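The structure that follows is given in the form of structure tokens.
A, B, C, D, E, F, G and H are the chain letters, set down in written order, and residue numbers restart from 1 in every chain.
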Amino acid sequence: MQLNVYLSGEIHTDWRDQIIQACQMLDLNIVFSSAVTNHDESDSAGDLLKQANTDEGQGYWRDHRSAKINAMRTKTLIEACDIAVIRFGDKYKQWNAAFDAGYCAALNKPYITLHSEDIIHPLKEVDGAAHAWATDVRQVVETLRYLLK
Amino acid sequence: MQLNVYLSGEIHTDWRDQIIQACQMLDLNIVFSSAVTNHDESDSAGDLLKQANTDEGQGYWRDHRSAKINAMRTKTLIEACDIAVIRFGDKYKQWNAAFDAGYCAALNKPYITLHSEDIIHPLKEVDGAAHAWATDVRQVVETLRYLLK
Amino acid sequence: MQLNVYLSGEIHTDWRDQIIQACQMLDLNIVFSSAVTNHDESDSAGDLLKQANTDEGQGYWRDHRSAKINAMRTKTLIEACDIAVIRFGDKYKQWNAAFDAGYCAALNKPYITLHSEDIIHPLKEVDGAAHAWATDVRQVVETLRYLLK
Amino acid sequence: MQLNVYLSGEIHTDWRDQIIQACQMLDLNIVFSSAVTNHDESDSAGDLLKQANTDEGQGYWRDHRSAKINAMRTKTLIEACDIAVIRFGDKYKQWNAAFDAGYCAALNKPYITLHSEDIIHPLKEVDGAAHAWATDVRQVVETLRYLLK
Amino acid sequence: MQLNVYLSGEIHTDWRDQIIQACQMLDLNIVFSSAVTNHDESDSAGDLLKQANTDEGQGYWRDHRSAKINAMRTKTLIEACDIAVIRFGDKYKQWNAAFDAGYCAALNKPYITLHSEDIIHPLKEVDGAAHAWATDVRQVVETLRYLLK
Amino acid sequence: MQLNVYLSGEIHTDWRDQIIQACQMLDLNIVFSSAVTNHDESDSAGDLLKQANTDEGQGYWRDHRSAKINAMRTKTLIEACDIAVIRFGDKYKQWNAAFDAGYCAALNKPYITLHSEDIIHPLKEVDGAAHAWATDVRQVVETLRYLLK
Amino acid sequence: MQLNVYLSGEIHTDWRDQIIQACQMLDLNIVFSSAVTNHDESDSAGDLLKQANTDEGQGYWRDHRSAKINAMRTKTLIEACDIAVIRFGDKYKQWNAAFDAGYCAALNKPYITLHSEDIIHPLKEVDGAAHAWATDVRQVVETLRYLLK
Amino acid sequence: MQLNVYLSGEIHTDWRDQIIQACQMLDLNIVFSSAVTNHDESDSAGDLLKQANTDEGQGYWRDHRSAKINAMRTKTLIEACDIAVIRFGDKYKQWNAAFDAGYCAALNKPYITLHSEDIIHPLKEVDGAAHAWATDVRQVVETLRYLLK
């Protein structure tokens, strides 16, 4: 049994690496995937498609162009994954993480949320459709280990 | 032509009523729906199902129980709608609004976002999958009027 | 807002009538449906299709023939409902109720389970995929009333 | 031709091992999968996610948490299988087995039931949606052998 | 409860009328539909689209053109029906009836076959995916009456 | 029997009105729908959503914004229709008509193409997935009349 | 590019072997599959599941039991194939072949029919949903070779 | 991470080879696919299936027969791809490219359009459903490189 696990959400801490390394040490048969997690690269993903004659270097359309390029990757990976882990940190809006959770829910695809206790209430809809809630990386890893028994 | 329009997101201002009333004045053939928008009722939706023998009056499981009851309504209405309008205000986390957007996107169901310019960047993934972005209620109403021409 | 609610499970008590009458008294906009709940009629549904030349008056094939006729009704109604209420009583195997729950889960269709506390453990998978668990009819009615607010 | 076969149901006898070993001796090209079948591990799957501040060591929410973790595995495997074998023994409620059968039926995925003659009647809905009914392991193995000819 | 019932197959006897009239006398809430059952009209459905410059008055392409026009109607009605009744008579190939049965089966849509005992064997795959087999019109009507109880 | 018919393609001649009027004279039970067919309105659909601070009055993003608003209407109507009629005239690129044809084909939704003989070859892929090809409005009307017999 | 090709229909001539051998000689990258084509084995597929206490050695239920076992194989293979070839010979009813064609059509899965000119008319609905019609094995092989260019 | 990329549209320039070679030089893990791009072979794909007795050497039915054979390949490859690149050149009608775009859109499958600025307006519906628009091959390659980071 192999699992494809998509890691969604916060990009400012190294939680992805922690999960991946712990699972490797346990020799779990998991293929991990995620969005491009370099913030600057992600924001400027669409800049090379900038149109010569329009003033779109900043603002809505610049973001729009980058977001849609990133969506080509994230849609493909989410639809191919078995399980997602969706991380909410303590900074920024992180609406993309909640968006991914809704996307998974509509596809009937299970996900684990990873966040601290102090944001239980605002995340109640996201947690309500989740299959598990973890507060730290170790719990996620233990859950994945259990799933692969 | 009739449209079923789901109104998702912010519950602390009267944007829903403004849209509904403006559309009624224009005599547009639209059936509107939304989650239960009374904050206290929504939070306590599951309290009547409280188990006698467990200490779940507060915390994760209380929220969980309410969130899943609310989801029975929101899932049903989102899946039945033609178009959603998803509002992000300037307060609170509003992860449920982003969750609804992801849910719509996975179902290939069009939605309009409604938010001010200052949150373009954190909403870029949500806007990237939207069919339109409006900054005020009037623009939403005009767009709905156009769609029903 | 109207709800189509399918009532699945136990046929030896009048829980269906209790729910329907209570909802009517509250004037809730709900269309209820269910399997044929007369036990003898349900068991003999296929007898009129009995083949002249085979000994199938009893046993597997008699049950099979009736079960598939009943399934034409239940499949149609479950696929058309918005929400199911699935009742487990204290007698009989009631595997058909659990089957309906699995059917709903695979279709991503929300359901409420209705059962007493003493069978929480054997129903944990069925409850795990449910949107709510109620222990009495009044709780179901209150939940439906809330959903239609 | 390779088959992915999911083995669902009873965990108190060694019917899974019997099928797997017999198929290996016949050199059949089958990948078998199943839920975690260790009863204690399965029941306590969610304990490591226990919340510090709530009294959920027992009862509904403990079962709920474990059931949803187990569902991440079973959903993934059932959706990936070609055929399921669903076993009903002579003890316990086994509602999870009937739930899996309903899940398969809704996905239009064929399954074989495995049970003795004395529970034909209560299983008639589950058998009505099955592609075959076997009374012993040998019949299941012979059927799988035939399917791979 | 209302049923949409599609009547497929044999067009050389009046079995459709018999079913419709019997159901009307019983006041059953059924909307019946079917292909165009006038043989000549059906065969020549595409003639008005005949191309001026090609010799397609007869043969494969004439049949092809008519078949695809008829398919617009039959596809639409089959996909909208709740249940199909599929009749095999004692004359002609009737491959279109078997085609409709396969179409229903793939959509997980229940159907009743209606045919005499002497063609059980060649129809075994079609009957294998059916929810019921009837040998005369009366049995079909009784089954429909039961389904609407 | 009622048909929902979506009329896609050319907006510079009155073929839509001709079909609608002819069907009305024949008293056919058809609900017609289409995109907004006023060229200027369609092109400027998104202008009211123009952002204050960006130079997007012309070019790609202006078109993009309008196209996505129009798509909210066309997607909704195409997904709700039973049959589409897709018209290719002798002017302009008309890629949106071919796009609608591909959209219908992927949804397994039948459509009739309406175009003259001189563009048979470049339309061969579009016609290859069509259920009928008509060269004039009268043929379309006759086909619709036949479908509703 | 690899193709999975399902070979459906007539089992009394060696057309399957002819196609497979010709494709092997051309070194085409195709994985072929089919039902169990030994007539006696296919008819008796379910005999090992015969119930001790019922008289079902012959007739409807014997056929039914075998047909559903065979369906486990054919459903799995048809749903996994890219393209089907469906052969109609000059003997027997061959309703199973037409059933498979309908199954493919509902899944939007392309198929090639293989039959002589004298049965064009009774096969017009089956051909109407096909992507190609061939009259001999050589044409099928050439078509497959073209598809893999 | 591997991507399956379908290259659709213009067949008169070597844009496919340019993309494939550039991606190979960058060692990107991409499997490319496309329709048969030899114009004459594509047009005559169905000629070997020509019927002896009908005059279909030219015209609608010849094109129809070839188009449906080509569709077996293109449908299979589009449904299997992760991302499509759809190229519009400056010659010919290229309705098949727009058809492929619509097909992708209905399947919720992302695509990149590749065309010059002078056809922005007639392609606005096709671009409106796209995830990116590129004006030259280099931009496509850079986008693919980014997606595989």
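Everything that follows uses one rule, which is that contacts are C-beta pairs under 8 Å (C-beta built on N, C-alpha and C of every residue); 3 or more make two chains touch, one makes a residue touch a chain.
Keep in mind the model is a prediction, meaning the values are calculated, not measured.
Q: Among all the other chains, which ones are in touch with both subunit C and subunit G?
A: Correct list: D, E.
Q: Taking contacts as defined above, which has more of them, C-D or A-H?
A: C-D
Q: For the interface formed by G-H, which of the candidate pairs A-H, C-G or E-G is equivalent, sharing more than half of the contact pairs by residue number?
A: A-H
Q: For the homomeric pair subunit E and subunit G, should the interface be classed as same or different, according to whether the shared residue numbers exceed half of all numbers used?
A: Subunit E and subunit G contact each other through largely matching residue numbers.
Q: Subunit B to subunit F: how many Å between their CA centres?
A: The separation of the two C-alpha centroids amounts to 31 Å.
Q: Whole-Å distance, subunit B centre to subunit H centre, using C-alpha means?
A: 38
Q: Using mean CA coordinates as chain centres, what's the gap between subunit C and subunit H in Å?
A: Taking the average C-alpha coordinate of subunit C and of subunit H, the gap between them is 49 Å.
Q: Can you pull out the residues of subunit D that are in contact with at least two other chains?
A: 51, 53, 59-60, 68, 71, 106, 108, 117, 133
Q: Mind listing the subunit E positions that touch subunit H in their complex?
A: 51, 53-56, 59-61
Q: Given the complex with subunit D, which residues does subunit A contribute to the contact?
A: 1, 3, 82-83, 108, 110, 112, 117, 131-134, 139, 142-143, 146-147, 149
Q: For a test of understanding, state which residues of subunit F touch subunit H in their complex under the given definition.
A: Against subunit H, subunit F makes touches at 59-60, 63-64, 66-68, 70-71, 74, 88, 92-107, 117, 119-129, 133.
Q: Where on subunit D does subunit A make contact in their complex?
A: Subunit D residues touching subunit A: 33, 36, 38, 41, 45-46, 48-49, 51-53, 65, 68-69, 71-73, 75-77.
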